[in-house]
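First chain written, first letter: the chains are A, B and C, and each begins at residue 1.
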Amino acid sequence: MRALLAVLVSLVLALAVSACGSDDSDSKSSDSGGGGEKAGSEIKKNPANSGKSLTVGSKNFTEQYILGEIYVQALQAAGYKVKKDLDLGSEQIAYKALKGGQIDGYPEYTGTSLTSFFKIKTDAVPKDPDKAYQEAKAKYAKQGITALARTKFENTYKVGTTKDIQKDKLGGATKLSELKPDEVAKLKLAGFPECRQRTDCYLGLQRNYKLKPEFVSTEQTYAALDNGQAELAAVFSTDGKLTSGKYTVIEDDKGLFPPYNISFGIDTKKLKELGPDAEKVIVDVQKGLTLKNMQNLNSRVDIDKDKPAEVARLYLESEGFVKKGS
Amino acid sequence: MIVPTVLAFLGDFGEGLDFIFHERESVSGGVQVGGLGQVGGLALTHVEVSAAAMALGTALAAPIGLYLGHKGRGQFIATSISNVGRAVPILALIAFFIAFIGVGFTNVALALTLLAIPPILTNTYVGVRQVDRDVIDAAEGMGMSGSQIIWRVRLPLALPTFFGGVRTSAVSVLATATIAPLANVQTLGEPVLNPQTYGFPGTIGASIVVALITLGTDAGLGVVQRLVTPKGIKLAQGGRNAKGFSIPLVRRREQPT
Amino acid sequence: MVFDSLAQVPERDTGASDQCVAEDGFCPQWIVDNFGDYVQPLLDHTYLTVVTVVIGFAIAFSLAILAHRQRWLTGPIIGFTGALYTIPSIAAFFLLLPITGRGNTTALVALVAYTLLIIFRNVTTGLRAVPAETVDAAQGMGLTDRQVLWRVELPLALPEILAGVRIATTTTVGLVALAYLAGGDGLGRQIDAQITFKSNVALAGGLCVLLAAVLDLIILGVQRRATPWMRAAS
């Protein structure tokens, strides 16, 4: 009994000591900046902003954490006091937080806002990214929220699979319209729980492509592909795992999915308070967000287990928005 | 402040009941959710996976508890493992099983089984231990063998405490099965965990159904517990403890759960 | 706005040393390097557990003393706390959201509600198990009812009471792992954030178990010190 207590105490102490010891800065970023011109110029700290503060939120998955951190750090570089409230939850929770004043702004996808907040049916969403953005902007404006300029990249749903499965079980199909419904009916599709009920996800596959695989509800869609529990998966175009070379996506050639560009939605009154820098910083800092870069950043968090804050910093530095080591 | 909250809550409660009985469109549109058909299906799965876990958990825990209790060994281990076992986060168990067997019914059933074992193990052990030494002596004096003592003396006298453990376990398992949708098992937790699809009435409706199922199971097992309590013990327990708690009186040394 | 010649974020270094992590395996080196990130969640987890049990005990104990005097209250209290007990904590988290918002408060309310029955039951059972003769003897010695309660009945009931506290504590540690669903803190968020990463799950889950073991032993220690006559008996 005493021996057990002694073992437990020493175990706790040992762990505590090792925790204190491992405090080194573990930056894995190589210093060879990418090729090509830098996308951005350094954000200058404006003393006029020092008295102004805001709260930036985000939803609860990797890309949102990274985006949130990017905006937070960029705004801080411009001299604002920024509070973080990342990891709020699903879009409904984030939207409620924004309307209720718990946060001042967060990055949302245009397609998501139109279908989830403004109740526009998936088929009725404009397929053109700019039109979709304009419509979202107008609807947000009625709620007292300003939807700032959209990003170029979009993060849309894709039907993913492994290269092996594509060869063996899908007959090498690269487009969703090439898949045969009666064969797909024998397969399984892994998707996050909500996908099953969404017209821009599982339900859309049924309606637009007549595809009805069995739905496996799980957040770990890639794990399901890996261990054979599903042959298809509802994945996201900017997923880090898609860069690993093991997976591939099947094209949505009929254009089922609406556009999903990021637009930072911010309380209109707050935006006026913050002055012109806020909008400029947010819109500028987005310029380097390409599909490839997003996949890279997401991979660093999902696969390499880096911290979103570090990865955001890496992005800002390599694009020239902040000076290294500042 | 309180009155509007209470009224709002009652209103939500009504909406929850409505969810159970009437279909409606999901929050994001495009599909119907709710209604007896769907809720019934979810409830059935909920009970199935819980029952599987209880069956397996009892099958594993009872014999071990019985054996250890009879031998009088391993009290500290049994109680401690049992106690600390309650602290293993169910999420970790599910994640652990995902790594080896993926998502699905087996995963959740196994995770819930591990959750079910501790109360049954401890209570079986204590129930067997607490049989009066005099009674055992008398039985031995009558010439009963070891196994006869187990089956004819210890077991019947231990049944009330044993069922107490089963009750505690069942409530725990039914409550935790709410999290099964994370591993693709569509229990009543599905509307609870996905309010963005089912809406707040969905969360309330599903919670009402889970609470009812759990209450019913607890009450039902309570009846069974009273039925299996040998008449002699019921008389002995008599006045001071006639309320039929899930924890019957025990002696000082060992504590049931 | 020209987007053409954009800088790329540096290519990832997928060296062999990161293979274990990339494959979501069990990586002792990663655990050692990143253990620091689990300290705050562990402290939050401990805080939530301890506060829950303390508040739960305060309420349940008071109710039990009340029911000790007014026996008829036992049934209704059991009914009420039992009802709270049967509402799954996860459901309670979501149900409370509109009232208490996201965060630790919601989690605490649900967690405290869950412990009430366990503790109430054990305190009551402990008190009722005190032999009538002992109470009579004490009253015979001239002690008032209150003195009998605090100097005789409660000390004798202590093992049963603390057994209940132990169970409530360890159960709460397990439930706090789900508090993140209500926006609360704790190790649960760590687990969920990287649920396929074995190192993460093992570490966070292991810390929960460790916490429970430590708290359990502490209460056991209190029990042993507070009931010296038990040691003599066993």
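One rule holds in what follows: a contact is a pair of C-beta atoms (placed from the backbone, for glycine too) under 8 Å apart; a residue touches a chain by one contact, two chains touch by 3 or more.
Because the structure is predicted, anything quoted here is derived from the model rather than measured.
Enquirer: Taking each chain's centre as the mean of its Cα atoms, which chain lies farthest from chain B?
Expert: Using the mean of the C-alpha atoms as each chain's centre, the farthest one from chain B is A.
Enquirer: Mind having a look at which chain is the central one, using mean CA positions?
Expert: Chain nearest the overall C-alpha centroid, as shown: C.
Enquirer: Weigh A-C against B-C on C-beta contact pairs and write down the one with more.
Expert: Answer by contact count: B-C.
Enquirer: Distance from the CA centroid of chain A to that of chain B, rounded to the nearest Å?
Expert: That pair's centroid distance is 39 Å.
Enquirer: Quick check: how many Å separate the C-alpha centres of chain A and chain C?
Expert: For chain A versus chain C, the centre distance works out to 34 Å.
Enquirer: Centre to centre, by mean C-alpha position, how many angstrom separate chain B and chain C?
Expert: 18
Enquirer: If you look at chain A, which of its residues touch at least two other chains?
Expert: Counting only residues that touch two or more other chains, chain A contributes 219-220, 223.
Enquirer: For chain C, what residues touch not just one other chain but two or more?
Expert: 195-196, 213
Enquirer: Scan chain B for residues touching two or more other chains and write them down.
Expert: In chain B, the residues touching two or more other chains are 98, 193, 195.
Enquirer: Okay, in this complex, where on chain A does chain C touch?
Expert: Chain A reaches chain C through residues 4-5, 8, 11-12, 15-16, 18-20, 22-23, 26, 28-30, 32-39, 87-89, 93, 152, 219-220, 223, 287-288, 290, 292-293, 296-297, 299-300, 303-305, 314-315, 318-320.
Enquirer: Show me the residue ranges of chain B that touch chain C in the complex, using the header's touch definition.
Expert: Contacts found on chain B: 5, 8-9, 12, 80, 83-84, 86-93, 95-96, 98-99, 171, 174-176, 178-179, 189, 192-193, 195, 200, 203-204, 206-207, 210-211, 214-215, 218, 240-241, 243, 245-247, 249-250, 252-253, 255, 257.
Enquirer: Per the contact definition, I'd like the list of chain A residues that touch chain B in the complex.
Expert: Chain A residues touching chain B: 1, 90-92, 115-116, 119, 121-122, 193-194, 197-199, 203, 216-220, 223-224, 227-229.
Enquirer: Help me check something: in the complex, which residues belonging to chain B touch chain A?
Expert: The touching residues are 26-31, 33, 76, 98, 102-104, 181-184, 186, 190, 193-197.
Enquirer: Give every residue of chain C touching chain B within the complex, in rising order.
Expert: 24, 74-75, 78, 82-83, 85-92, 94-95, 98-99, 121-122, 124-125, 128-129, 159-160, 163, 166-167, 170-171, 173-174, 177-178, 181, 187-188, 191-192, 195-196, 198, 201-202, 204-205, 208-209, 211-213, 216, 230, 233-234
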